[in-house]
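What follows is chain A paired twice: with chain B in the first complex and chain C in the second.
Take a look at the complex of A and B:
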């Protein structure tokens, strides 16, 4: 008998092919344009000449990671919201579920197919960004070293300047930030999958998923402001319970703000990346199980 | 002697659907029982909305019965493993348009755990069976209605199931395509595969099925062997070729003399419009 993993693999590969043949990779051309554009987006310089060029490097990272976030969120929501209702509408789902395919395999396969697409897209964008950033960093470094040499800077200062410039280049933390973008997309896609199991239209799933995504950026603040204030009224236990439930169902996307710090050239600690990975995995499993509970009872 | 396990056994199936506006649920299937033995071709007929498709979906586990039980070769149809021996062609199916016919069959084959050379051979064999070798590399999006039905039948057969369930297999297909699908059902019967089909095209069911159930407003109103159901027991048919008017008159006189027998009608047997259509289109195809 075919194992769950093999069957999920077949469905995932198929979902990936389906999305690729919908020509979703065309957006890479837009990404390339954004990336090239970010090279010319030089902000007014307030710092001394020793910082010249660093803004460009930040601009490349900022625009690239911004575009990656945008594309990964849109792809995760739209692709997930599209796949399930389309199969039901076209009755293709009947032919799949009439085969010895457990419903959990179908759901997991579709979701992994979408995530595979997001991962490949992000990887391609990452290669482009890293390539451009590497070239640009080399240019900035050469310019700055020339300035430092002309001014006879002490070796210690030159080394410091060099490490400052390299910190704005393609670092391991930057790869960690791209991975964080993928983790956030994983959570969003899994959430969209849950919504699409009980929603009757792609549009509904898309709108609600975007809403939850935006709410996810504020839920931590709202929880802190409302529940700490109300907890003093005597209903503390219940309110803490409600707060916990909200944080369980609605992910806190503020946790992913570490990406902004990486754009500024800061290091992304492995511990934080590990924590984000665990959170991503938790929501993936949580939403898949919740989707299955809904989908297993669904009638077609 | 032990009796063989039925290919399909539906016992007292009831299916209610919740309705948004009415408090009373809608009863789509009302105490339907069907038993199909291996190798039989069973036709479930009834008007639109009579519960045919719901019965099939309940058998495939796509809807859960409100009460009653369905089993396939003795296995509860709500369990996934009951689907190992089933192939299903839904009404008006649309397959993934981005896949070719061959890719479609490979996808369904892989879902059933077939791979490698075995899958390639099976796909080739099925494409030949449904006469789509020439279109195997074309995207499904460009297939005609008849071709879609045929590739749908091929995907239903991919894992060599012992039971094939066909929901309105010729809906929207032209007479030539319809005939091809019927020929395929005959081939399945020859191979000993059990076929459970539902249709509201009675002539088609009469041609291919050996057992028939008539469902109306969710209830099974008549069921049994086709020959038993359609035979008019008190009438005898005599069909003659090149009979002269005198001979016909003589026979009629003999009947009148008998006293017990009654002459019901005399006339020329008619072909069906479908047979006429097929004869005319095929003869023109051959001359071109």
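Take a look at the complex of A and C:
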């Protein structure tokens, strides 16, 4: 068991280094520009003095989590799709497999390497977002408290205003939202890994993975269609069949759209985050095993 | 695999919807309005990001006074981000205040069209706020905004029956109070609306005493209402004693009652106010030609004043 973990660790580190050398972290510079821009550009807002600046906090979260989602999805798919073909092209794969390295260790290591890269990138973006959001929240809070004081607001109203502003700042739920972005990326990367074990090219893996990602957002609708439509013949029968197929095969990516609610200032309960983590883990384990089943039979 | 996780995902989906963490399904008309690219993005879990972009677009429409486009854009925005109070509040404000003022003062359309545009904008703003409340039943601020709109002196004529509008305003404020985390002003403003509903004077007086005891802030409106509602209870009582029981001084009483007398736009009750002013003017030796009672009273907001053809 320990030797499995050690082998997986070595392969993961190698995959991580390999991806870092592809200069993917340059994306962080773009992210920083977007974030700093959204903070300091005086974007037009339709708000009165009693709520001035609060919407900027929402915008910062919205831009940041949007960029994190896009980055993590693109990186998870492209990086995973690249890894196996690149190892074949460089002939590294033959060297590894010639050694007593179980194929499942190789796949798990590669996948963990990609996930490590996504995690580090998201963590860096999160630090940047939280820092800027914290500074901006303090600024908005100071401005609004000055307005409240000038208007001689009662303590009850000042407390409400304060909690309203702080709910839009860096909260624990916001960190939960970033983690759910990572969980979604985990599922996508695992799925891309499975596709790349039987795909003929990187392009094929990338396109199919993106398609599944988008169709996965309809999984909940398909499930609802299956459970709400009466069983019958003709169109109804086929509709239910297709709905069932989508529900059984594709992951439900909509579950991870909790980030929208968090941007709107909702609290993300720990229990819900725990359930999302369980789903993420389930897919990770399932796709790794499925990839191994395909990869184990592959001749090189 | 699917059979194992399907019940779990289904239950989690229900949990998320119950907790208000799952956005409602995107309607087909919303997808049409935002276009295919934005639809794809919003399906990918970036609805609030699209709403942020559309908010910027709405600002451009606002500066160009394209009110129908502003309304359409906010309809789309709230479909994407239904739990954000700011969008409901702003969308309603654009219609009830900005578009309505445009039709009132700036539009070059014929009078009848302007009147129609003014009224429709205000009603659209009200409808938008009511939708916001239905989507965010636990938000007291949206209810306060509705209460404020329904009792706004410059808008109330658009609602038809003024008394019913004040009653609805009172209900909106009190529903905000009932939620439990409303602002201090909600109960006070509820009182101000109730005081303007004919037949509710006794209830309003009791509420005024309660609010004064709870909040301890003697604003001019509060003092004026305590006087006029107190007078309504017993018109035969001594005005002199009533003034002493309500106001801290005769000078304050004169200032407050004079202000209340002149605030015809706000439609507050004025039971006994003329008697009180007459008594105070005599005591304070106010020259007859400067009497508040001899000044011309402003007219309440009557749409016909603005939309009648110019002679």
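The definition used in the following text is that the second predicted complex is superposed on the first by the 269 of 300 C-alpha atoms of A that agree within 3 Å, B and C clash if a C-alpha of one lies under 4 Å from a C-alpha of the other, contacts with A are read in each partner's own complex, and residues count from 1 in each chain.
As a working rule, a residue touches a chain if its C-beta (ideal position, glycine included) is under 8 Å from a C-beta of that chain, and two chains touch if they have at least 3 such contacts.
Remember, it's a predicted structure, so these values are computed and weren't measured experimentally.
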Combined model on chain A where chain B meets chain C, clash or fit: fit
Which of chain B and chain C A:6 touches, first, second, both or neither: first
Chain A residues touched - chain C or chain B, whichever exceeds: C
Touching partner for A:249 - first (chain B), second (chain C), both, neither: second
Partner chain in contact with A:23 - chain B first, chain C second, else both or neither: neither
Partner chain in contact with A:279 - chain B first, chain C second, else both or neither: second
Inter-chain angle, chain B to chain C through the CA centre of chain A, in degrees rounded to a multiple of 10: 170
Which of chain B and chain C A:94 touches, first, second, both or neither: first
Which superposed partner A:261 touches (first chain B, second chain C, both, neither): second
Shortest span in Å between Cα atoms of chain B and of chain C, once chain A is used as the common reference: 29
Interfacial residue positions of chain A with respect to chain C in the complex: 43-47, 51, 54-55, 58-59, 61-63, 65-66, 69-70, 73, 153-154, 156-157, 160, 184, 213-214, 217-221, 223, 227, 247-249, 252-261, 263-266, 268-269, 272, 275-276, 278-279, 282, 286
Partner chain B, residues of chain A touching it in the complex: 1-2, 6-7, 10-11, 14, 17-18, 21-22, 90-92, 94-102, 297, 299-300
Touching residues on chain B, where the partner in the complex is chain A: 57, 60-64, 80-81, 83-84, 86-96, 98-99, 107-108, 110-113, 152, 155-156, 159, 165
List of chain C residues in touch with chain A within their complex: 1-3, 5-6, 8-10, 12-13, 15-16, 19-23, 25, 40, 43-49, 51-52, 55-56, 58-59, 62-63, 81, 83-84, 86, 90, 93-94, 181, 183-185, 215
